[in-house]
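Supplied in structure tokens, the structure appears directly below.
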Amino acid sequence: QTVRIGNQGDALSMDPHSLNESLQLSVTGNVYEPLVTRGKELQLEPALATSWKQTSPNVWRFELRKGVTFHDGKPFTADDVLFSFARGSGDGSDMKSYTNDIKEVRKIDAHTVEFETKAPFPILPGVLSFFYIMSKQWSEENQATRPVDRRKGVENAASFRANGTGPFRLRERQPGVKSSFVRNGNYWGKIEGNVVNVEYTPIGNDSTRVAALLSGQVDVMEPVPVQDVARVNASGKAKVLQGPELRWIFLGMDQKRDELLNSSVKGKNPFKDKRVRQAFYQAIDINGIQKTVMRGAATPAALLVGPGINGFDPAMNTRLPYDTEAAKKLLAEAGYPNGFEVGMNCPNDRYVNDGAICQAVAANLARIGVKVNLQVETKGTYFPKVLKRDTSFYLLGWSPSTYDAHNVLNALIRCVDDKGSGQFNLGAYCNPKVDELTLKIQSETDQAKRNAMIKEAFTLHSNDVGHLPLHQQALAWGVANNVQLTQRADNQMPFRYISVR
Amino acid sequence: MIAFVRRWLDSDVGHSFRTSPTAMVAAAIAFVCLFCAVFAPWVAPHNPFDLATLELSNARLPPAWSEGGVSQFLLGTDDQGRDILSALIYGARISLAVGLASVVLSVVIGVAFGLLAGFLGGWVDAFLMRLCDVMLSFPAILVALLIAGVGRALFPDAHDSLAFGVLILSITLTGWVQYARTVRGSTMVERNKEYVQAARVTGVAPLRIMRRHVLPNVMGPVLVLATIQVATAIITEATLSFLGVGAPPTSPSLGTLIRVGNDYLFSGEWWITIFPGAMLVLIALSVNLLGDWLRDALNPRLR
Amino acid sequence: MLSQEGLPESQASLVRATDLAKTFDVSAPWLNRVLERQPRQLLRAVDGVSFDIPRGETLALVGESGCGKSTVARLLVGLYEPTRGGFEFDGQDAHAAFKTPGGRQLRRRIQMIFQDPYASLNPRWVVEDIIAEPLREHGIEIEPVALRARVDALLHSVGLSPHDRVKYPHQFSGGQRQRISIARALATQPEFLVCDEPTSALDVSVQAQVLNIMKDLQRERGLTYLFISHNLAVVRHVSDRVGVMYLGRLVELAPKHTLFDSPRHPYTRMLLDAIPKMHDTGKARTPVSGEVPNPLNPPSGCAFNPRCPHVNERCRNERPVLQTIGGVRVACHAVEEGRI
Amino acid sequence: MSLLQVKNLVVEFPHRRGTLRALDDISFDIAPGEILGVVGESGAGKSLTGASIIGLLEPPGRVASGEILLEGRRIDNLPFDEMRKVRGRQIGAIFQDPLTSLNPLYSVGRQLIETITTHLPVNQSEARKRAIQLLRDTGIPAAEQRIDHFPHQFSGGMRQRVVIALALAAEPQLIVADEPTTALDVSIQAQIITLLKTICKDRGAAVMLITHDMGVIAETCDRVAVMYAGRIAEIGPVHEVINHPAHPYTAGLMACIPDMSVDRERLHQIDGAMPRLNAIPAGCAYNPRCDRVFDRCHAERPDLMPAGVTRAACWLHAGSSAAQILAQGVAA
Amino acid sequence: MFAFILRRLAQAVVVMVSVTLIAFMLFQYVGDPVVFLLGQDATPEQIRELRVDLGLDQPFVVQFWHFLVNAVQGEFGLSLRQGAKVSRLIGERLPATLELALVAGVMALALGIPMGVYAALKRGSFTSQLFMTISLLGVSLPTFLIGILLILVFAVQLGWFPSFGRGDVVQLGWWSSGLLTAKGWLHITLPAITLAIFQLTLIMRLVRAEMLEVLRTDYIKFARARGLTNRAVHFGHALKNTLVPVMTITGLQLGGLIAFAIITETVFQWPGMGLLFIQAVTFADIPVMAAYLCLIALIFVVINLIVDLLYFAVDPRLRADKAGGH
């Protein structure tokens, strides 16, 4: 059984440590495995580790699975784990954020390892679910002991070839063109689906990708542009599998500068006034956006996290009402009865219909008198700009890589410092109380206490209207009628769930 | 004015115009497009740039005559609830403006360089022609892509006007080469003609000769080329928009409209892309036909 | 010897060319020359030509295509810099003067009429502008009404009507265009007119009109002409003295009647023989044998030697110089030796 | 019998403001082996006459009426392919500019052989032999080598010899030579004219020599036709026309030519210019410039009528023969 | 001729160095690759480090110099994005683009020349007018629209041709060819048509214009006067002379084909260099962009050199210095 998959992008490399990006991890995750993985509902499941427990606040012990072999036939041992973590935290690795909190990995015996963290670290197993284990021997034999070293211009065998323990082996790879995978006959576990061969093709252009599905050139494709969902469903050849994605779209506002970069308001920053922020919030017709721009493929959100994320509480997830009049009033109270002019930055090829969302928002804001000078551009120029915080008003999407609310608090909400806190808090929202909580949450091991603190932090943030949450994006996979698969909310597509009739 | 038109219609070129139905139809279409574009605020039923009037609930309405259409939106609406007809008219305005502006700029640069190279010869010529070679080995789209990127980076807060500036500049940068080459060629022929030498014998300064004698006599082919280049520029702009570096979606050109509409080709909302596409083809075709006709009409050997 | 002979005339001479030479570098590009081991290629278009023209007279230059006639003309009006030698105009070193600001004055006094009546007028200018250009350029007349009057007068003097002022050149016949050219040349009231084949593109009937006008103007204004042509009949009609050129050199220079009645140089004789005789119809001419040699690689000795019936060893080796023999100036060993 | 007969040939150019008559009722004939000169001012219609005979009028020009007969066979209305066989085979042509008449991309040999094999039933090697012979006959030294050279490797005079060889390749009976020497040097002109003359004498071909150089006509031709504004003004033996012109235009033309044997302060000059085709005056086309014009010249158009030995289209010679009266009757 | 080639090569080097220089100046602005190289959780420290490691903190002149020195040794470094040797990436993509351009070029020439000849010979006839007008559509429709419409009609609706990709390729040494399998031909058809349409129009119009020009020359008139058949005149004499100037423009156009391939490759997901470049642009992958531009300049220069050499072969006048002078 062969399944042909078309995707918007491609894994840039087969090296599991070279890039911390979800598509790359999704592809390499079929060949390599972590110690702990996530199941269909994102629950943690044993993978190369059969069990784990916290032996002291700072120490975790993992029992490794026995009898596992790499694709080249070599057995999997604790040495491979040690090697992989050394590799992943060394030069050229992009996985350091997963290993930063680990102080040391120790080998207890051939199938037991111990992790010592720098501070109490309650969510370590979850964090490790994207850290894949490589073979020490193979890497050494193939000069792949380090992730690619661009400085020296030295290529890395692991970029093109792969030797993991996963359910599929890499058979052939042409970067950006095609990658073929074949089922691993010696896999330690059970493979749910019946697929034997997988052909993975990147197809960047939306129309072409839809055409490929409709003309039967691919069996699975991802994502389906929202406007084509109906067409695919109506084609009789394929249907669209839709479901919520672990990605929240929101708007941020510069709350730090004393004068906005590009605005008609001089001498002060209107976004420092909560009333203005709230006016913006209430001016956005989120249901309209959901209905027309997203064609239903989105769930309006009141927080920057949602179901599936550790620490989320549905009770908090209520938006302020859409109310143009109230918004106008707030604006007038804040001293802008006639609105003002402000620049807005927006990518047009990063999130689902991102450009259109911004346009709709701009139209919404126009109704309360705010003139938005929208600048929509490709992600290539958008991100460098907003990351320098050269923006007053921007759109961003976030998917917490640890499936934990702390990640969001730390990256998006915490006050900005130069050590990486609030790194994506591009509008520099800052509430010291939230910061305090964030720090505590990081090392709190009591789950209930921790959740309460998360809730408190989010409440503070919501009351401040620190960001303008929009919605949770939806996944849309086009699947031919003869294919069955499981859609995971983190947009990972493990081949082992795919069956072909 | 009327007398002028009458005299023109009576001239050879005018006659060939009157006897060529294609030319007349093309001119009529071009004129209508130009008229609509220039007077867009008065001609268009809505103002698509006025965000406050957009209503998301009006999004993606089909043309008035088909089921579900609303007479208020003759050609339907796009995904933002913008009236397609108005967007078309404003889009044509932007496309034409970009096309004309970049062609005018290319002509100015190209003709100036061509004249200098052809008239002065020597190392000036060699240098300018190598420059042309360099420009030519950068295919137009590549240059435009790079320039657009640079422009955006240099003017990070670029609003629409600056985005257009970047667009025009990038089309100009590759466009001038053709004019420079053409003009250089004709200048080299022209400068050896006896009327130029007569002026030199009289003691007229070289720059003056270039401007007053040579320039008017090398403009013929430039004119024809320019006509056709307008169409090419409009298409290039559309292509750049397709690649995502063209006119901003808030003030869309025809190219941007097509690119946006492109996403709706499969979803059955054909009007979002077909109308701008048809408009673009209509403009480009009529301008091309005019250029074509002009080329033949101005070529005495074909008369 | 040259100067001795020239002296008595020099007082009256308006134009005096001394050893005028123009060499064009037509070498292949440097790289080619290096790789293909080619020498520099120099084309001696004009190679040491001396003559003088008394005020009010016409000197004609004749010769085959490529012998350097036009180059001489262009040297005289300052379109080319001479490689060697120079020419004096009214006692003044002209080429030095052309370069000074005062040279404009000189440009006023020397004008040129070109061969092709179609190419010598800017097709996009109306006649009025064409004729007024030199007037404006030299600041002779700037005021519009007076300027217009001047243009009308000029048009009148070449037999055109003031109504033609607003027409474009293409609305005129060849002969009329040539008259416009003449009017333009006359605008600055020059003393010396260089005419490079002014009638060779014209029909005989039109040629007659143009030649007549030129003669009339000479009579009225005392103009001095350098008249270039390859039509000996025309030359005979207009000139006072005739210079015969061959491959960049003067081979014979003599008063018109002397030259036509008793040509000395074999090449001159050949040219005269080549003129079809109109009135004794059916009589074949004796065609000249051979072709014009390649100017890049001229024969050694006398350039004419490969085609000359009187050639001898000396002709092949030694280049004859122009010298006065029997009252005319001729460059030929055979004449010098009295062989012909 | 004459080789070529042109009867009342009219050539027209349809134009947006009516039709231009570029050749208006031209009649003449050429006997085998005869050299007929055609002179006239630029635009008089000389080239058009030649082009009509070889059937290469450029559209939109067309033969509107009249006939052209070659050896008694009408050739002006032949189908394209028939006419093609006449061209080159029976009527050869030579044009003014020898440089542009030859295709620069092919060797002269190829062009010669191509012409020969198109018309004559010979194979390649024979054709090549003939080609070499032709080049030799036209006075090209070392013909065996030069046959493989390209046109740009020949000098102007040599090129014109090649062109003549090409025109003669299939041994035509008539050669239309349109200003064959105008582009050449004075000294080369004589060579080419002599060559043309002797070659045609040797092969018995007739020549229609178009030129505006009276001198060339004088020494080469048997008869001469003087054209003016699309009409023949005078036609007759060359000696007569030159020495005793019957038409005032011919006389004027002769007087315009500077004469080597007499000194004149001013040349005789015909004022004005030949009328444009769209402004040909009624009656005799020459009437505005004629110094012997009288009423009839304005009113009626003269046909060719005997005037001494020649025939001239001038009312001055009217009534000198019965034929004229007849013609008058028709015209009236 | 040797000197000529040498001079062209020298010029080519100048052109290419200038191209890369300009390209490098522009690269400063197209985006920041570091943002894409590190994931969202990277620390500022890491970002700074990477920037230094990649040499992106150095002035562009220095970066350019390093690039140049490496490029001369045929080494373009590693793709920032893919971590693979740029030379390898481009080498893998080159065959696809060249085959596409070749097929499209052949298509454009094979149709464009006959159509142009026809339009010139039958000037004014209905068919030729039709050709002229319809061909204008080719330059009035943006390439991407043509491509998408072709996909819509022929791939989705009719299902005759595949909508994307190259199909099966056969590996011939390092060259992968799609032209040896039936499937490969099916795959190349739509993209090649898309790419060819624009060129076809240009070539057709050029041939027509040149042919009309040539048909008016004296040697064509003289050839007719010699009684040559129409075939010999039109195809023996006129066509060959027409093709001499057409060659130059076609040479330039072939360069254009490769540039236009960017759009076509994007639309058809054709795994060629254009696609690589576009991806590189979005990710500011400077080594890939630089190498691509160099290669394009090189191809352009090579094509022009070939065209110039063809001139020597076709036009005897240019061989004058060798053969002439007898």
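Letters A, B, C, D and E mark the chains as written, and numbering starts fresh at 1 in each.
Here is the rule we use: a contact is a pair of C-beta atoms (placed from the backbone, for glycine too) under 8 Å apart; a residue touches a chain by one contact, two chains touch by 3 or more.
The structure displayed is predicted, hence computed values, not measured ones.
Averaging C-alpha coordinates per chain and comparing to chain C, the farthest chain turns out to be A.
A count of contacting C-beta pairs for A-B and for B-E identifies B-E as the more extensively joined pair. Note: the chain lying farthest from chain D is A, by mean C-alpha position. Taking each chain's centre as the average of its CA atoms, chain D and chain E sit 53 Å apart. We define each chain's centre as the mean of its Cα atoms; on that basis chain A and chain D are separated by 90 Å. Between the CA-based centres of chain A and chain C the separation comes to 88 Å, rounded to the whole angstrom. Residue positions 207, 211, 214, 349, 378, 380-381 of chain A are each in touch with at least two other chains. Within chain B, contacts with two or more other chains are made by residues 149, 152-153, 262, 265-266. Contacting chain pairs (ordered by label): A-B, A-E, B-C, B-E, C-D, C-E, D-E. Within the complex formed with chain B, the chain E residues making contact are 11, 14-16, 18-19, 22-23, 26, 28-31, 129, 132-133, 136-137, 139-145, 148, 152, 156, 212-213, 216, 252, 255-256, 258-260, 262-263, 266, 277-278, 281, 293, 296-297, 300-301. Interface of chain E with chain D (complex): residues 217-219, 221-230, 232, 236-237, 240-241, 244, 314-317, 320, 323-324, 326. The part of chain A that touches chain B in the complex is made up of residues 206-207, 210-211, 214, 225, 227-228, 230-231, 261-262, 285, 288-289, 291-293, 343, 348-349, 355-356, 359-360, 362-363, 365-367, 371-378, 380-381, 385, 390. Taken together, the chain A residues at the contact with chain E in this complex read 12-13, 15, 18-21, 94, 96-98, 100, 147-148, 150-151, 153-156, 159-160, 174-178, 201-205, 207-209, 211-212, 214-217, 349, 378-381, 383-384, 387, 398, 401, 407, 411, 418-420, 423-424. Listing the residues of chain D that touch chain E in their complex gives 54, 56, 80, 84-89, 92-93, 95, 97, 100-107, 114-115, 118-119, 145-146, 149-150, 152-153, 163, 166-167, 169-170.
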